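Chain lettering (A, B, C, D and E) follows the sequence in which the chains are written, and residue indices restart at 1 in each chain.
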Amino acid sequence: MAKLGPSSYSPYPVAMYESILNPPPGKALMYDEIVDEEIAMREAAKAMLTRDNPTIFPGPQVLYEWNEEAKEKARLVRRIADTLGAKIIPMYDYRPKYPKIDPEKEINPNHPNLTIWHNNIKACIFVGVHCHYANVALKIIRAETDCFTIALCGNAGHEDAMITLRDQHTEELEKFIRVIEEVKRELGR
Amino acid sequence: MQKTQQVQYNRAGQRVVSPEYLLFEAPREKQFMTGSEVVKEAVKRSSVDASVSYPITPQSEAAHMIGELWVEGYVGVYFRGESEFGVMSEVAGCSMAGARTVTTTSGPGTLRAMENFPMWAGSRLPIQLVLMARGVNTPLSIQPDNLEISFLLDTGCMIWHAENAQELFDMIIAGFVVAEQPDVHVPIITAIDGFFISHTREAVNIPPDDIALPPYNPYKSPLVPIDMEMSPGRFLRDPYVMKSNYISYAAHTSWQYEVRAAIERSRPYAKHYLRGLIEEFGDPEGEIVFVASGTAGAQAKEATQIMIHEEGIKARVVRIKTLRPFPYQELLQAVQGAKYIFVPEFNVIGWLEREVRRALYGNVDIPVIGSPRVAGGMTMPPEFIVKEVLEYLGKEVKHVI
Amino acid sequence: MSQPKRRRINVRMPAIGGQGAVTAAHIMATAADYAGYHAVSNPFFGAEKRMAPAESYVRIGIEPIYDRGEVVYPDVIMVFHSQVITMGKSYTMPFYSGIKKNGLIIINTEEDLLTERDHEYLESLNVKVFNFSATKFALDHAGTELSTNMAMLGAFFGITQIVGMDAVEEGIKARFLKKFVASGGTMSLDSAIERKFKKKLELIEKNIATAKASYELGQEWARQQGMESWLPSPKEVARV
Amino acid sequence: MYYVAQVIRDECTKYNCKQCTLFCPEPNTLMYTDETHHAYVLTERCKGCALCVYVCSNLLKRDSIEMVYAENRDVAGVR
Amino acid sequence: MSFNIFKINEDLKEFMPPEIVDLEEKATWGNPKRGVMDLPYSKELLEEHSLCAGCPESAAFRYILASLPNPEETIIVNSTGCTSLVFPHIALHTVHSLFGNQNAIASGIKRVLEWRFPDKVKDVIVLAGDGATVDIGLDCTLQSFFRQEKITTICFDNEVYANTGGQESGLTVKGHVFKMAPKGKQWDKVPIWQIAIDSGCHYVARLTVSSPKKVEKVIKQAIYVAREVGPTYVHLYTPCILEIGLNSDDGLEEMRRTDKERFKFFEYMTDEAKEVIQRKKEEGLI
């Protein structure tokens, strides 16, 4: 059973070794369980609202204006951050920057742990990061930190995240904002 | 985003259909053709963008025919490269630039190109290599032998092993579909035993040639296509060599595990499009079980029939379709009830035997016999397989003259 | 004498490069396929050069055929050229090694090329030998020795009686009318044949005439030998 | 403790040459401002090769750049 | 225009570090007349990297990237070597795959881009060292010339395998003692610029990087000719100051010295290339 917390010395593919695969279309993955998207969204919102220093890591696919959808997604990512009261630390490109990284202002998939450790981030969202780099980063985070990871993926998802939501486009992101608002009300915020 | 329902056509003017329709539903017509011709027919229906070729027996004919498809407008880019090393790099370039790419090679060419395969995998390029295995040289030989598959097993590519021309046809089409899934997106090697398939003419059922797979969408790639059409500007498509310390080693480790994880993610897709990662054949009660892949699987089937019909021995075959990912669970399930497992192979080292032993070790207690085994181009007559099994069982050999 | 119940005929065709054994194998398999059998053909896997040994193989059966590669244990051996025997241009020595009991050997020759010992051995396995000059047949009926393969093919089907002449004709037409992409060498050979015959259809006609004549000869010989069809008809199999 | 380049502004403004900015091997390290007409160094990017000093002093005889200890640099002179 | 891929979405701009914002706002895009004279003011398409202090190769990278006529549609292909320390820090799409296959990779990319984007001009440029171009990758280099691939190949010749610690290369001069040539190199420097001409390049130039403006002109000519005619080759001397025992501020002097001898400016062009260059000059682009 996939657990939260530093899992190993080496960033091996925890989820895959436990035979956890990405969710089928229309579903989401929560730890090692395939659940309805709504349930996973609620749990993701809860994690971001209740854990310390929640942060969103937007990747190049939403940071840059390379197409119309990217523009719209950027607006929604900003709204998600505002609704959650979460910080935004960009993953603006993929070149390694160690040891020159400024972990307060940026995150890099080759050493995401540095940013997470430095800012004591206990819950985070990956969005707009190319799948390969998201997976590389998520494995390292899983191996070395106790950060609760959430992936909002435009493709098939990331089994190494604690919660992975697949096929997330503008409609789904808007739905996520609604869910966050609901959960906030439930939590009395 | 809503998908439009209108009919779409690819660049060659073929109607775009779903992989499910092309592979499972479209009407099929029986043709009598060689494995090489089948490659052409499969590529023709796959909306392929680019191919680069280099002559080496026995794959040359298939490569020629991809060239004909280029002339006919079914393939966008085609040329002869300078060597297999050059070709595998050129197709890597094609794939990085966002093309659906296919190439073919054989035997020594595979080894000359070797450095490229882990690079393809590390760069997450869903290139399809149709490998017509022929063995590795010295002394010079061009004959069927699949030793080179052993070298490819751990390059980070998916490897499927087709039994006949029909399966090769279906695997080539399915290969593109599975390899290009965004969460898989690693190279696919569709292997056959050269000559046994490439030069053999047999009946193959194929769908019409005015329909084809949906074109490749490079913007769903887990890495950025190199076309200056997608952010980010800067990224590294290379293992992380810049620094030497724990942090960078961990990144490199994660990168490599990610490639292996990607192969694992192909399981459900492969299972769907190949109708299972293994095929079971013969008497379900069979105590003699052949575990084999490719042509060895075909020969084992033939031997199984002789044993059932003429020797009264209950036998069956578990044919492995996907070598990477290796069907551990399926194999374990399938060998239940076996008394002996024979692994017939067309190579001198017995790489499949190694794989089977690894899969079964500690899980079942059934003797695994790495036999019969031929190499250097020898055929494996079914009569010979039967003889080996009978001798092992201490039974009288009467079938073979 | 009674024939064994067969499920499969495995054919080996030792020939000399350039004689068209690969084409013959292909047509044989196509004809069998047309008649409803399962069939597979393949050449010997090597660099074939003119006048060097070359072999091809055909498997015909009533159930799916998995077996492939060289036929090591043939039911039928078709010797396309006397040099296979006289000069040892064969991949197996002697050329009939591996032949199965009750088998058949067709040799393109006018005279008996076998030794006393060969005959003794083959008789012990009840293997029948059919000598006839396929090359002469080709010259007589097609006007070219290039149709030798058609004569050999006709004899095979005439003797084994598994398909009628209609299927043989279909196989020949399929081979020469459809554009199959054969290797460069075979293509240039085809065009050489075409030039010689001027027209494709004429070529097909003459090939069919050659095959038909040898088919009838083979049929007559089989009757004399008391042979029946070598395989159950595919329709019977389907009914079972 | 390491050396970095430092532009002597008063000297540099006498010329309008910008040659050092071309010959500095590092990207975006030695820049020029038209507002006050002199070159300036982004100290954190300077690797201290002193090629700019060679260009400015040996080739052009303008002596407008010097190498200084990073911690001793004239912060006011750094834009 | 592909420059859009560098534009930052307004909603997230405030979180971006200044060097990335600068890339959008202060780099030169969409202006084919850009050149080395932008360097004193503009944001370069190159970030801080880990080449040695004073390395002439580092300067060469600056000049080349500043001279690209069409950076928003340019792909850079690299190889292994000291240049590997730079390629991840180039703002454009770059590739590194293996040591020596750079021209093969570039061939594939160029052909596919031409096919995928028939209405756009996409320049493909190879940047590699002497080992990659002339030793391990000679086959791929020359074959891309033979095939008339429309790519520009730029070789950084430092006459040594510097990244691996100073071994003799095909471009080391005869007699020079390096590792793996402990008795001194036994044969001559490979005249690759001449081989490039014989192999079908339409524009070939050999020079040091002692003159930024000259480098700019050569690079622009090479790219324009490659775009329209066929392969072009530029040979740049970028001495390894470390391996030949010079100080970090000696690189320029070394190049100025060799400007007068073995790296004397040399230029070759076919008639077709001449026509292109003439036309581009008239258009004011060179």
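A few remarks follow.
Operating definition for what follows: a residue touches a chain if its C-beta (ideal position, glycine included) is under 8 Å from a C-beta of that chain, and two chains touch if they have at least 3 such contacts.
All figures in this text were calculated on a predicted structure; none of them were measured in a lab.
Counted as hops between touching chains, the shortest connection from chain A to chain E is 1. Chain pair with the larger contact count among B-E and D-E is B-E, by C-beta pairs in contact. Most remote from chain C, judged by the distance between CA-atom centroids, is D.
The greatest centre-to-centre distance from chain B, using averaged C-alpha positions, is reached by D. Work out the mean CA point of chain A and of chain C, and you get 68 Å between them. One simple way to say how far apart two chains are is to compare their mean CA positions; for chain D and chain E this gives 26 Å.
Remark: chain B and chain D have CA centroids separated by 60 Å (rounded to whole angstrom).
Chain B and chain C have centres, each the mean of its CA atoms, that are 34 Å apart. Listed for chain D are no residues, as none touches two or more other chains.
Touching of two or more other chains is recorded for no residue of chain C. Contact of a single residue of chain B with at least two other chains is seen at positions 224, 229-236, 242. Contacting chain pairs in the structure are A-B, A-E, B-C, B-E, D-E. Only residues 18, 21-28, 31-32, 34, 39, 45, 47-51, 53-55, 58-59 of chain D touch chain E when the two sit together in their complex. The touching residues of chain E, counted against chain B in their complex, run 2, 5-6, 23, 47, 50, 72-75, 77, 84-85, 88-98, 101, 104-113, 115-117, 122, 139-140, 143, 147.
Residues of chain B touching chain A in their complex: 1, 124, 181-183, 185, 220-224, 229-236, 240, 242-243, 245, 247-248, 250-251, 253-255, 257-258, 260-261, 264-265, 267-268. Within the complex formed with chain B, the chain C residues making contact are 7, 26, 29-30, 33, 38-43, 45-47, 63, 65-70, 72-73, 98, 100-101, 125, 174, 180-181, 183. Here chain B touches chain C in the complex through residues 32-33, 37, 40, 57-58, 61, 64-65, 68, 142-144, 163-164, 194-197, 199-203, 295, 297-299, 301-302, 305, 309, 377, 379-384, 400-401, going by the rule given at the top.
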